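Each of the two complexes below includes chain A, the first together with chain B, the second together with chain C.
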Partner chain A sequence: MSLPIIPYLQEIARLEWLHKFFFVRTAPLVTPSYSRGFPELTNKTCTHALFCMMACPAPGAIDVIKTPDGWEPRIHKGHCIRCGLCVEACPNGVLTSGRILESMFNDSTRLSFSFRIDVDTNLCMGCGNCAVACPVNKLIDTQMAYGGRASTDQLLLKVSDGKCHVLHAELCTGCKTCENHCPNEAIRVSRLLEAVQIAEVEP
Partner chain B sequence: MKIEDVVCTFCGCLCDDLVVEVDGRRVVSVENGCTLANEKFMGDHRLQSPIRRNGKGWEHISYDDAIRETAEILCDADRPILYGWSGTHGEAQSIGIHLAELLGALVDNTSTVCHGPSILAIQEVGHPGCTLGQVKNRADVVVYWGTNPIDAHPRHMSRYTTFADGFFLKEAFRDRRLIVVDVRKTESANIADEFITIEPGGDYAVLSALRAIVRGKREIIPPSVSGVSREQLFRVADLLLSAKFGAIFFGLGLTMSPGKYKNVRNAIELTEELSRHTKYTISPMRGHWNVYGSNEVFTWITGYPYAVDFARGIAFYNPGETTSVDVLRRKECDACLVVGSDPGAHFPKACAEHLARIPTIQIDPHTNATTHLSRIQIPVAVTGIDAEGTAYRMDGVPIRTRMLFKGEYPSDTEILERLYTLVKEAKGP
Partner chain C sequence: MNVLQSVKNLVRSKSIHVAYVDVGSCNGCDIEVLACLSPRYDIEQYGIYVHNNPREADILLVIGAYTPGWEEKLHTLWEKIPDPKVAIAVGNCPISGCLFNRPHSLIDPPVSKHIPISAEVPGCPPRPTEILTAVLSVAPIVFKDYEVSKR
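Let's turn to the complex of A and B:
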């Protein structure tokens, strides 16, 4: 019985194989005709709602960056899978790609975001990190951001009876600042993305 | 009736922005307070009247009887201890110390089992501290070493440090960096930018390593120091040095782990090293709401912050000898008055056993572990709810606590004044 290494060496030592190995050429990447391109900017104003980032299924594919002219979404082409969800999710039509905006207009459809906040009162220590860090609370009551003294009940989050309470969930912008800064993992923000007919929402 | 700007008398944060709704003699709701504050204000497990052990169980007695018997026990004792004081207001603490002087007693506060070592270190090398307002307005690097504020001081981060916007930090939690050092991953560590896990007892070595790095001696650092990698130490040192204003807070993880006051001394010296490059401060995370006050009041009156022995007729202070734990372990004392604390829950077993052997009297609104060791318990009003008085926040700021309603219980001050009067009469001019 011959050693198995010998036929192996004979196989890879063939000139044709070596040539293929070292000078391999793959076909150039071509965008298929049926594929839409990467999202591009329209001239509409970005309001920093960040719905594009929330809808994006590809990690690291889109960022919203502050430029001297205001907020602006940036597509990272290496990560983008061209699904077009960012284009659909944007409430201001800042992005466009293929026929998405046109189809949305014709069909009167859009993607609607809503947010739900749940607090596990068994875990919550009432430390107030969420209510103090919350950017919505900060806009409503500046005092909140300076140490957690609530002077109104119009807040999104407020600590009372030793626990965090969600007072006005409809104000939530889904930023998850509260969730990310809760030391007890007691607060969870759900982002609900639904495709709706505009007639349903605005009769 | 809603009362605003109520002071919470639970932990050393002394949050003074609570809104408490009161209905007669009952607290109905608490806003802005953490879960600990809520329990403090809403809890209703108060002892109804003084109780005395009668051999078979407990019997209710009058305040007059309870105070008279307490005075007799203290006057008859050769070596009484007056312990606690951190859970009551400054005025009562002051009477307690005068009572100790009158009795020739040993008077000690809860620092003896918490930040006593910090005080020893501060006596050696000083205290580069500041008020929490300075931290809130300036600190861009915050360190919690051996402390878990989320559990023990829940609002510390949202009111004074990481999350609270300040004069120079408009986006506080984005602008500040948080470092947590502990032997296990705590809730506070969950939100830290840098979490250092130290092997138990390794604080001194890690502090020394950081001091060496800050001094520019990176080449002498071994690959690992008490379980912390050299790379992480370099990273943390760079983070510390990048601060414009840094604040270090330390807890019992530093004071009560091997090394004790030497750990704190090393931490203070690290603060000093860092202050050669930028501005750093260090502060202890004081536990009881008025433990800082007990140190202050003790120091004003006796010259010493805790463990003051009046047996010689003058104030004598020698931690290790005159500290309650050591005196109880030596079975030296023969009576104990506990005010505003729970040594039954926090002292070593041998000390608790001795407390159960000798006549122990407790002055406290609630029953607790010490009740089970006591002969008499006298319920009092809770400062901040149905009594008022001065307390000191953990950074040494005195805050006047408020009385929300006039209750049926006498305050610590009233009980101690009566006790003092009786003892003074018994002792003669």
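Let's turn to the complex of A and C:
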């Protein structure tokens, strides 16, 4: 009669097994290739369209900086939340992260932007800081650039009857300069991002 | 290098005790720290133990954007940790305030204003592997030959 415990002891006494038992480690954890990390630069040229900064939901996470070689988006770690919206928003594919660009190409999707400006008529006191600061207004009407009166009605923002009015909301580029210049926080710009599917494009 | 010091180095490298404190986060980073304890990441195989008791901790993981409720408490908690000690900021919130850092929000980031932070793990939330790497790379720098370098 042989004791059944002996095979077990023989099994346990093997050096290989003992080494495994005492020094076991899980396999080294590697970040998978599809993981959405901090956006990285591809070799495409940045055209300073600033769509990345408009799409970014985190304050101060992305800046487009002028370098000797041209414009270059800079991601600030510690602010970036790795949502990947800047990668999707860029019309030139300057940034890449995980397989966002790949799946955008496969599904032929892109982000469409629209902006909505809300003026709180109770708070607005008609100072006109927003209309004067607005870079779109400055382009349309050079008088506004020097803080003068509006000479045309084709403006984005215009003060009339002591209140600010949004005349052509479709011109807005979402820069939020008006928000920063309003002393009363009466004006608010909200960004509406929509993923739209586009028709098959020629590669 | 005396023998006692090398024994201390060996022991300290095999037992890193961690306490974590949430100073007003959204719980996203809490869950990532919790995931470190799970079998997939298993921090105990690296000799890291989560006790949540500052008096026996070596490393303090600070999570969150520092709400005013922590005004005096966080510093007291930091004082309770015996030397050698280290604080690691986990996630974007203790570094910059992240999404909460907007006008009229009741937070006071960065946490490094209030207690000394030695390492920062960016991300919203950071991956468990990144937290693990931060703890494992900070620990030898601070704990190795602590008594020698203190002098």
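Note that in this section the second predicted complex is superposed on the first by the 137 of 203 C-alpha atoms of A that agree within 3 Å, B and C clash if a C-alpha of one lies under 4 Å from a C-alpha of the other, contacts with A are read in each partner's own complex, and residues count from 1 in each chain.
Convention: a residue touches a chain if its C-beta (ideal position, glycine included) is under 8 Å from a C-beta of that chain, and two chains touch if they have at least 3 such contacts.
These numbers were taken from a predicted model, which means no experiment stands behind them.
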Exercise. Among the partners chain B and chain C, which is in contact with a greater number of residues of chain A?
Worked result: B
For this session: Go through the superposed model and pick first if A:77 touches only chain B, second if only chain C, both, or neither.
Result: second
For this session: Please indicate which partner A:59 is in contact with in the superposed arrangement: first for chain B, second for chain C, both, or neither.
Result: second
Problem set entry | Partner chain(s) touched by A:146 [first = chain B, second = chain C, both, neither] | first
Problem set entry | Partner chain in contact with A:29 - chain B first, chain C second, else both or neither | second
For this session: State the interface residues of chain C toward chain A in the complex, per the touch definition above.
Result: 40-42, 45, 92, 95-96, 98-99, 101-102, 120, 122-124, 127, 129, 132
Exercise. Can you name the residues of chain A that touch chain C in the complex?
Worked result: 24-26, 29, 31, 35, 38, 57-60, 77-82
Problem set entry | In the complex, chain B residues that touch chain A | 17, 19, 29-39, 42, 136, 150-151, 154-155, 157-160, 162-166, 172-173, 187-188, 190-191
Exercise. Given the complex with chain B, which residues does chain A contribute to the contact?
Worked result: 124-129, 131-133, 138, 145-150, 158-163, 181-185
